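Just so it is clear, A, B, C and D label the chains in written order, and each chain counts residues from 1 on its own.
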Amino acid sequence: MNVLRSLVSPRGAVFLLLVLLLIAVMILNPSFAEPGQLMRFIQRVAPIAIVAIGQYFVIIAGEFDLSQGSLITAQVIIAGNLVGQDDSRTIPVLLLMVVFGVAVGLVNGIITTLLKVPSFIVTLGMMLALLGGVMWWTGGAATGNPADSFREIGRGGIRDVPFLEFIPWAVLILIAWLALGIWITKLPLGKSLIAVGDNAGAVDYAGGRRAWVTTRAFVISSLSASLSAVLLVGYAGVHPSVGRGYEFIAITAVVLGGVVLGGGRGWIVAVAAGAFALEALFMLLNIAGVPSTLRDAVQGVIIIAAVAYSAVAFRARRKRGPQTPPDLTTAEAVSTSTIHTEKIRGD
Amino acid sequence: MKRIRIDSTVIVLGILILALIIGAILIGTVGRNFLSPGNIRDILTGMSVLGLVAIGQTLVVLGASLDLSVTYVISLASLLGATIMNGNPGNIPAAVAITLLVCAGIGLVNGLIVTVLKVNGFIATLGTGLILQGILNTNFEGSSGSVPWEFQLIGATGVGPVPVSTIIMIALAVLVWFLLDRTRTGAHLYAVGGDPEIARLSGVRTRPPLIAAHVLCSVFAGLAGLLLASRLGVGSPTVGQQGGYALLSIAAVVLGGTLLLGGRGSIWGAVGGVAILAVVDNVMSVMQVNPFLKDVVRGVVIVAAVAVYSRRAIVRRRPRFGAGGTRTGGDDAAKAAEHEMAAAASQLADTTTAAEGGRA
Amino acid sequence: GCTTDPSVAPAESDSPDESAETTEWFDQELFDKQNEERGVDPQGPADQPYLQHINAEMVDTAEFASEGAKKACFANASISNPWRQTGWITMNEQLKALQADGAISEMETRDAQDSDDTQIADIDYFIAEGNCDVFLISPNSTAAMTPAVERACETGKPVIVFDRGVNTDCYVSFIHPIGGFAWGIDTAEFLIDNLEKGDKVVALRILPGVDVLEHRWAAAEKLFDEAGIEAVDYFTGADPAEIKSIISDELAKGDVQGIWMDAGDGAVAAIEAFEDAGADYPVMTGEDEMSFLRKWKDTGLTGLAPVYSNFQWRTPLLAAQMVFAGQEVPKEWVLPQKPITEGELDQYLEANEGMPDGHYAKFGGEDLPGYPTVWQQRQIP
Amino acid sequence: MNATTTQPVLAVNGIRKSFFGVEVLKGIDFDVRPGEVHGLVGENGAGKSTLMKIIAGVQPADEGVVAYRGEEVRHAHPRQAMDAGIVTVFQEFTLLPERTVAQNVYLGREPRRAGFVDRKAMISSTAALLADLGVSFIDPQARVGSLTVAEQQIVEIVKALSFDAQVISMDEPTAALSDREVELLYAIIRRLTSRGVAVIYVSHRLKEIFDLCDRITILKDGALVSTDETAALTTDELVRRMVGRSIQSYFPDAVDGTTVGEPRIELEDCGNAYVDGVSLTLRAGEIVGVAGLQGSGRTELVEGVFGIQAFTRGTMRIDGSPVRITSARAAVRAGLALVSEDRKAQGLALGQSVLDNALLVVRSVFPGRTSASRREVPGVLSSLEISSRGLDQEARFLSGGNQQKVVLAKWLLTQPQIVLFDEPTRGIDVGAKYAVYQLMRELAAQGKAVLMVSSELPEVIGMSDRILVMHDGELVAELPVGSAEHEILGAATGAVDSPNSTDGGAR
């Protein structure tokens, strides 16, 4: 009963949505319930879930990262052009990608925090500049797919596992990244990030290094995008359109996960669930044979409906109050006016 | 008493002038004339469509929302306009009216989703954008319709080097400026964007202004779509995406000094922002900059231009002392006020006491 | 005073209702024409496919004949995909060759970055400020660019259009390979020949609404339909991740025997989806992009690489040279468009050794100055 | 004055209200008569603001009726109540900083001519309203954000007056005002009542309540305690009813064994853009009060010490060794703590739990000590007698006093040596105030140095071992313990020339 209630609650809504979508997929295509298929599904979600996890840290701090998609593209092309067919370059190039990811995150973060340019604009600029820059550098086309050892990360896995058949590396990487993310949310850094999103002024007066805290969120986001790029190089291969639109998919997943745009509230696990729900939706549309022209429309309706459901369900719940256990309700109270006031004044 | 603050619109103007000067010099170096009629027309034409979108976007952003669906509204409007006109000049009024009505309807839906369903503007319009894209892809295969010559004139005629479309855009900007400055809806939009709870406590109904902003934003996107139809001669299901109008218009609006969080900003800033982007684009085109590099420059210019004033826009308190501890005299007004306040209190006290004949 | 663009005049040719009905992509007449052109042996130098033409009706250009190096103004739609990038590199090398010959002095290029509106402005700018001797236009879209092209024609300077067409014939020459229907017929026939009735083909398309691309699918879909092949189509945005997901889902639903693509981008991802699912390789048509050719070779699948002849990027400048020399050129310059078959695969792989994956095998620039490094390093001006 | 007019203009009956299942108003009966000032007092969280909001139509009551001029009303939107003549000055400012004074005053009902906002009329009638109050120093066209806090409060009141109000509720209108402006407010209120307007007045400053009110209603834990004529109450009785116990003295005496020791922090000629020539010494075991008028720069002084607006001139020494503190972080590391003036903007992340707020500073500055501090949290919270529903409760759902205690807990966990209090008791009730005073005494007893900025002179006088007075950005006087209010005021207004202003605190 309690499980059911928290599923219907706004915080659990994304899990309910995910369950519904998966059930729908399984009804239409029973083979999906096989463990092997499930593993492949998780493998496919991994890049999206990882960018969403990165985006989560930026959004709870009250910022946006629109440069994720372009960064993925840039990293994918870097991998394609620099690794080539030379296995021995895999490790150095991976390191280079980490450095590049960190650099992009630092630039985003520093311009946002020190120059006080809204992150929406900073990362929009970064999105244009990164994509343009990498296309300029490569003349628009990657040399080719990198060596298989590099691609193995996103494509391969542990084979012949009993019951599961196949465990893609991507699944393990996703689990590790999510665990890392959960761990960060428990660290002072995670707590500070959410506090910055809630009330930046309080963090300033508490002696927090707000600029550095926020900058690290951008670095986490960029690193997530880079990791996602590594997986995508393996999964899909090198192409300038890999990563396109991922920033919006990530933001959508984060919002589906119940995170408030503007910061200060949200649960990282729900964000991962949001990414799964989104990809399950895409898959459902494929499997249900919805005409390709109509898919966007269906997707739009479901996103709005899901987010509206949380918002409306929350308000209804707030009115109903008494029946719900206090700890649950307090955790759900979405931004009230005072917070908003402080934000406007604070910035 | 009015405390002077460097208005961001002024800074935008400054940046624009800087861009014009640098542009003129750069264009001079390749042996072209920046102020030639053809070039001026190129810049102004580049401003018209984005300008219309940015005007609408300004309204939404002032209300602390966003509209990412404008791209698809533009495409839809160009198609609706062109197919209804169907080459027949007699259909123009009906086509324009129906197109704008449909756009207004989309804006209304956006506004209702944002205000009634309480979905964040970013997500709401991302969603409606997707829905519109689906509708476009399902119902239109490629460009269709035909715009009669009379309507094409709007996009191709000019007064001297100034295209009619630019004049229309500026005229509408004046109208919107008037709306923001001189109507209740405008005042309430600033209030709702500034702080919806304060607006509510002050007796403002918070939904109508934001809904109106969304409706107008979509209508302006519709106008942009019609203008594009007039220039293209046909309607196109991708013309909105081609221009990347959603993100560029937001960039232009912020570039123009409007706060992304709402509540502060101006239409002229947005027009200035659009002009900056148009000048930069024009200069790069004349210089034949590599198209990929153009995007890099655009990205850098947008961030750099916003950076110029974003720090400055956050004014804290008036300083009382200058560098070496010298008084700046900035507080004189407040100091004078101290005494006035005291005087006012005692005077008021006197009058009431006199009136009431003392009080226990 | 009011200035109206002199050329914005009521278009004499098109009556309103004619262009309104353009929503159905399939066009039997065009289908038949292109089908016929597939079988025609092109005229012109055998080793210079970019100068060959099919069923050409030549026009006299004596009126444009004049001495000296000329300035070309090129309104490009974009270089936003590998096909256009490859062509753009080739075109610039061709320019160098013609500059060396003294035929062309310079080429001023404006890139519209995929925007109709920008390209219209670009053409208008050229008309007003460009001092152009010849206009080269690669339209971003057919109908939308028609008025602007007409305005360029009004200047009296020669106008050469290539790749996508326009709804007017005021140009001196319109250069293009046979077309989308021919592509669709080539590919569909190949798949039908290699598949059984009732087999399933998944069609991976890039995006809707572009005529060149829509024609390919319109022809193929019709033929599949007639042959009793089950075909489902998806728009992928050329994103390999999307392609891989789509194929994976299709394979989860049931067997897929054929893949039809309207581009080469992402072919590798499609094939890998079969590998990862442990399914048999499909019969497949991609494009002459190196990534597909290489993967085709590696896997040994049954395939065909239709081409949308990339060498057409050389032709406009050469046509301009011919026009100024007063030589006659085809009004509609239909370039050959011959798919690469399994038998020719090795030959093209060898010829394009060292080229990047996004390179097109039939780029046709082997005799140009920068070959091969400029293409290998993808040096874009 | 005829405050005993029989017919109440506004009466509420049996009002009940719950938030999340917790009843915060338990059947309140309450009325106001024309021309009366009706005081509403109670501890933090007693439900005063909630009652005001129900009357103002901001929130609906769960049960009970509001009768206005004898008729039952149900205002669903603040606007309806305003139009009917019930106007409220809310506890939080309801002004838009980006808009002008006139735009704020007429927000929601801008005068129109031919369908358009008549700006001239709006400005001139705002000017007239201001002039009517004798306020000539506020420009109707000034941006509200550019006004001082006090000026903003006046605008807030002007906004309320611009309605043709029959009932004006003021929820802690003086929280941000110094005595000067309070006087002005008194005068305004008296003028209103003389016109027959009823005023509901909420304040934690009991002096004002007794000065102004005709009747006083006391709430405790959401329940009505009593309504009495002011004359029938004494301060002690009022406090007893509010907190349920009698508090002998507002200001606890120093803890036995407190000794004033070595200087812990010394400032010499420090200055920044807001204050200048600040020289002062804080010794271990000492509580130093800072008095001054609103805007005299007291907040800037402590913010300067704390590195938020770092001093650009002068030298600072802590425990004898010179330091340069240029950020709050450096200050915390140097052993300083700042209990800031604005709880909501600078003190708490309201959406986060009590626990997270308590650990805010430790996590920000000493992340390594987080787990150790975490174990101390329950002890510190219970020593401050915070009543919350648990460590997980969001700070926003605490009442003002409890929020302030969380702020204190946050700083105590860093074990500071020098504690700066800026308006530590602003907007909190007597019970919580007493707890704060006791905490200060304990800190002093532990050998810490305490600096307290306050606008309430009795508090400064009652708690301080020495009193520093600021005027216009400079320290102008140092007065000994037990100085009288008029001495302090004299120095603060600049009326009395202090003997030596530069080394005011250095002795």
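We take it that a contact is a pair of C-beta atoms (placed from the backbone, for glycine too) under 8 Å apart; a residue touches a chain by one contact, two chains touch by 3 or more.
Model, not experiment: these values are computed from the prediction.
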Partner chains shared by subunit C and subunit D (touch criterion as defined above): A, B
Per Cα centroids, the chain farthest from subunit A: D
Approximate Å spacing (C-alpha centroids) for the pair subunit B, subunit C: 39
Gap in Å, rounded to a whole number, between the CA centres of subunit B and subunit A: 30
CA centroid of subunit A to CA centroid of subunit C, Å: 37
Centroid spacing, where centroids are CA-atom means, of subunit A and subunit D in whole angstrom: 42
Residues of subunit D whose C-beta touches two or more other chains: 97
Numbers and ranges of subunit A residues touching at least 2 other chains: 136, 140, 292-293, 336, 338, 341, 344
Junction residues of subunit B, two or more chains touched: 137, 194-195, 198, 200, 263, 290, 292, 294
Pairs of chains, among all present, that meet the touch criterion: A-B, A-C, A-D, B-C, B-D
Subunit D to subunit A touching residues, read off their complex: 18-22, 92, 97, 308, 327-333, 338, 340, 344-352, 356, 359-361, 363-365, 367, 370, 389-390, 392-394, 396-397, 410
Residues of subunit A defined as touching subunit C within the complex: 29, 31-32, 37, 40, 44, 47, 80, 136, 138-145, 155, 232, 235-242, 244, 282-283, 286-287, 289, 292-293
Residues of subunit D that touch subunit B when the two form their complex: 1, 56, 58, 77-79, 82-83, 88, 90, 93-99, 103-104, 107-110, 112, 115-117, 119, 133-139, 141-143, 145-146, 148, 151, 159, 180-181, 183-184, 186-188, 190-191, 194, 271-277, 293, 295, 297, 300, 312-313, 472-473, 493
Complex contact set, residues of subunit A against subunit B: 66, 111, 115-118, 120-122, 124-133, 135-136, 140, 248, 251-252, 255, 261, 291-301, 303-304, 307-308, 311-312, 315, 336-338, 340-341, 343-344, 347
Residues of subunit A defined as touching subunit D within the complex: 187-189, 191-192, 194-195, 198-199, 201-209, 264-265, 318, 321-324, 326-327, 329-331, 333, 335-336, 338-339, 341-342, 344-346
